[in-house]
Amino acid sequence: MALSSQKSRLRDINNTGFGPNSSVEGGRLINSDGSTNLRKRGIPLWERTSIYHTLLKMERAHFFLAIFVFYTVINLSFAIVYLITGVEHLVGVDKATTLFEKFAEAFFFSSQTLTTVGYGRVAPTGMMTNCIASLESLLGILVFAVVTGLIYGRFSRPRAYLLFSNNLLIAPYKQGKALMLRTTTYKNNHLTDVEASLTLAIHVKENDKMVTRFYPLPLEISKVASLALSWTMVHAINEESPLYGFDKTQVADSKMEVIVNIKGFDDHFSNIVQQRTSYTYKQVIYGARFLPMFERAADGEYTLLELDKINAHELVQFEEDRVMA
Amino acid sequence: MALSSQKSRLRDINNTGFGPNSSVEGGRLINSDGSTNLRKRGIPLWERTSIYHTLLKMERAHFFLAIFVFYTVINLSFAIVYLITGVEHLVGVDKATTLFEKFAEAFFFSSQTLTTVGYGRVAPTGMMTNCIASLESLLGILVFAVVTGLIYGRFSRPRAYLLFSNNLLIAPYKQGKALMLRTTTYKNNHLTDVEASLTLAIHVKENDKMVTRFYPLPLEISKVASLALSWTMVHAINEESPLYGFDKTQVADSKMEVIVNIKGFDDHFSNIVQQRTSYTYKQVIYGARFLPMFERAADGEYTLLELDKINAHELVQFEEDRVMA
Amino acid sequence: MALSSQKSRLRDINNTGFGPNSSVEGGRLINSDGSTNLRKRGIPLWERTSIYHTLLKMERAHFFLAIFVFYTVINLSFAIVYLITGVEHLVGVDKATTLFEKFAEAFFFSSQTLTTVGYGRVAPTGMMTNCIASLESLLGILVFAVVTGLIYGRFSRPRAYLLFSNNLLIAPYKQGKALMLRTTTYKNNHLTDVEASLTLAIHVKENDKMVTRFYPLPLEISKVASLALSWTMVHAINEESPLYGFDKTQVADSKMEVIVNIKGFDDHFSNIVQQRTSYTYKQVIYGARFLPMFERAADGEYTLLELDKINAHELVQFEEDRVMA
Amino acid sequence: MALSSQKSRLRDINNTGFGPNSSVEGGRLINSDGSTNLRKRGIPLWERTSIYHTLLKMERAHFFLAIFVFYTVINLSFAIVYLITGVEHLVGVDKATTLFEKFAEAFFFSSQTLTTVGYGRVAPTGMMTNCIASLESLLGILVFAVVTGLIYGRFSRPRAYLLFSNNLLIAPYKQGKALMLRTTTYKNNHLTDVEASLTLAIHVKENDKMVTRFYPLPLEISKVASLALSWTMVHAINEESPLYGFDKTQVADSKMEVIVNIKGFDDHFSNIVQQRTSYTYKQVIYGARFLPMFERAADGEYTLLELDKINAHELVQFEEDRVMA
């Protein structure tokens, strides 16, 4: 059964934000970290980069390294300026004799000005040097205003902290099969009014050309009041499903990609949080079901959620496949 | 009448975020402060802890103690570093002779650097000491950026400031009974578009096994335009209710837990605020009704809300129970 | 025609957040600035006051006065502490001889420490004084963290900046009458998706007792895509309206209060903003219509909105009243 | 065919926030940057200006210039005050002999106080000078609190970063025509749940008077799940459309303006963002279609979006026009 023959039954959607030809075989649409597998060009990099977004998403170590480098570069620049205008206008540097010593004194004076620590062992005199120091302290306040904001912005950025199972399982469900994946919050956060939506991107043959079509994958439960434990999302593969009749081979042939989007309200951020992920056909396990990941505690006083069991599953064989084999 | 026999009438819901076996007798799902009675394991503590959430929720005294301890530890660490690199590079500590005096001078110099107060009586000289001081003042700015953000985040965190009655009352209502609880805002905040939802978790016998089932408890009024005075939420225990026919004994036997979730819009935060609480069967008073908690002021110019009367109720006896007794 | 006789026709609502007896004659529910005319008692003042809400709403002059007083009090307190521990541990105060001079030096040293300006002319020595100064600079940073947050919070608090007409007009409308009020944004902000809701609180006689009943007043247009110019809200007083058949006398007798709530999305705050106001029967003008408040500019290139005309109206006489008179 | 004759077929809307006479020929309602082409008067400028909105929208260069000017003015003012109270109370300025030198010392002392850098080479003595310096350092902290907030507010302000095509195209669509425009995000941001709405403002003759009428322009797809690539919004000009039957001449005669409003949820801001634009009849190209602006990358691993092709289109001739010509 060719994929193209199913065309009439599938309810195609075209409001995914991706065009029919946007993806080619092998190139996924959404990366598993939720970012778009897309590059932009045509306008200069600085115009098409949101510095705020970039600094917000940057890894922590890189972020602090960037601050350190920035701090050093500013101080080096001002040190040069103070050297040019004359270190003799910095009182307290009399003992510095070599150029390097003078430069060091100017550098450290700059850092004391920028951070407004201003010990005063070295202090500016004269119009020009005073002007520069005055501007540097203003700059320092402005720069650290941005840095303060950024650090806090990174720290307090509303995030869903969701852990997803590594695989999509095609599991037995009622009399048939279902596509399943599992998620849970892995931090001490608590989401309420959580909604999930699954979109299938699939390669189908149309007029002898492979094109990408998108279909929603309705869930048995698409909204939970509270995401306290784990949530196994279940898309029943019944006659309504675009995946109906797919066997192991067709799953692989379809080059399918499933885009998962979760949205909920976080109590502590008092904000809506969102997380996206995507699974390719390589992550689909045909014939498997999830094992429980929570249990009652020994003393019966609380529930215990075992985060390392998010991927725990056992293989199963479908009746029909057994017959076929 | 066994609880299990009611199974067919009850409209079971399974989108609560808790599984059917998630709770066991005696272990509640939600604590009365709204947190989840749940422990997680399987990934390291630091990965499953959101420092931001923790610092935001921490008690005020603990929070400021944490800042104080952190401040002291940083200064102690830098004091040791300044001692190692040589206090002779800190000008102004000449009078310090004993190690303790030197350490004290280094410690206070560190604190003056970290807070950028920088009096300058003690000031760094030499490459190494200057470098360390320069880094410490940068660190100080970054650390206090986080602290500034946190203090403000704690201070301005959107909260509902709701006071709940300590008990659930089963009160006379129309011709029958109703489950009632009462809430009010206890601060000078004002909520609009306030929605409440009640979920019942109940232990029922299924196939000789006790399982937890969840049911929504519809309210007579589930949304109020404005939460100015107190709000008595009323769930009528009619034939539609999962609690229909429950007498005093069954309430206790059911090990019932009622999860309350309130969501509204706060004017001053300009944000949605949410508060959760939970009542166990131990908090249910069978046969009682709330007494009013507001009255007209003596001069008739305003309404007076008496917050200490949130729990005020009087006991009543139901007709049927009187007959039975 | 007594008000009580209309009871059956009126669709009473009871989800306003006010109870039926919450208001008494003469005491309005909502003040015209949108706050609730309500007092709370029963728990201590500090527990029922949100300091954040209070400082956010406080008048600007009072807010800065509060900061100034707070700053002075902290410095006075620390000055006393420095005096007690001995001003001789503050190097640089040698010239101070009188107690007042010593106190002044301690006071100014304190302010230099609290603000972290730390000139160093006066600087601490000795364990005790250094410790206190170290704590004061930490306190300074924490205090100004809160102040920074508050100033920014006040400054950036999402507000609707709506100007309302002073009066409710009962104006000719189609073949009958309508209740009208007018609003506009008076700042350079722009609201989209703006919704309005009007609630009528009215005194009716029930069983020989005056009680307050609440009714929604449906608007001809209750949502506008964009609030660019002025918006005249129109409630048609037809047979569906709780105000149907009211003449001048009945408007006054009813002690009516109309609560107005506007909610919209502000572009620049990127947030929902809300504003509330209320009109009592004393603000109703029976027989008047609004005059236009915008016009084309002389050069035809833009529209001119005249904010001082928000209340502009002309008196009209109703046909029926003329007949009756 | 006169425009006025179409009146009956058009479904006029009156909840746009603009009145029927709000616009005159040649004066657009919304500027292409989304601001309203409107002036307000009648209350003083400072009351009708939101300083926060103004400083948030101001161009970056102007914003920093404003800070610089403000900083200079405050320092100049305090320098004068220090001169008046006597520079002899500033220790360390002994070498300054001329008035200019004294003024310069006072100016730089002021800047060192305002930024709390406080070197201490120059330091205050005496009651009066100390008081002023103490107040200036408090002022400095408050001022920079506002500046910190503003810089961060500007930096982190939720924005949609949408690029719109310069023109509205009237393109072939199915068997007829459609009005099309194109948008894309040009930064590394990602919008989800994006909604678009188009409103047509058109001049029609009514009772021999030209008035402005508003009509919604329904889109073939008005909501996309994710705005990853470009989005071509399509309004089919069928019999339902207010633009039905318009030829090149009528488009120009109608003085039409199309107001576009886009709203979506931004992941990184975790906030709703909104952007507005407007097209006048001068920007309509009759008979043109967009050319694709994305393609598969050479290695097939990602999709390439070419932002400079946002306006790329080719001219086409409509069948009917060809016949007519």
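Letters A, B, C and D mark the chains in the order given here, with residues in each chain numbered from 1 onward.
We adopt the following convention: contacts are C-beta pairs under 8 Å (C-beta built on N, C-alpha and C of every residue); 3 or more make two chains touch, one makes a residue touch a chain.
What you see is a predicted model; the values in this text were computed from it and never measured.
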- prompt: So what angle, to the nearest 5 degrees, turns subunit C so that its CA atoms land on those of subunit D?
  reply: 90
Message: Just to confirm, which listed pair, C-D, A-C or B-D, duplicates the contacts seen in A-D for more than half of them?
response: C-D
Task: Would you mind working out whether subunit B and subunit C touch using mostly the same residue numbers, over half shared, or mostly different ones?
output: different
Selected interface, B-D versus A-B, where C-beta contact pairs are more numerous: A-B
- prompt: With chain centres defined as C-alpha means, what is the inter-centre distance between subunit A and subunit B in Å?
  reply: 28
- prompt: What whole-number Å value describes the gap between the mean CA coordinates of subunit B and subunit D?
  reply: 40
Task: Send over the residues of subunit C in touch with two or more other chains.
output: 112, 116-120, 148, 271
Subunit A to subunit C touching residues, read off their complex: 116, 118-120
Task: Within their complex, state which residues of subunit C touch subunit B.
output: 14-19, 21-27, 29, 34-43, 47-50, 52-54, 56-57, 91, 112-113, 116-120, 123-125, 127, 130-131, 133-134, 137-138, 140-142, 145-146, 148-150, 153, 157-158, 197, 199, 261, 269, 271-274, 276
- prompt: Residues of subunit A touching subunit B in their complex?
  reply: 64, 67-68, 71, 75, 104, 108, 111-112, 115-121, 144, 147-148, 151-152, 155-156, 161, 186-190, 192, 194, 221, 223-229, 231, 265, 267-268, 270-271, 294, 296-297, 300-309
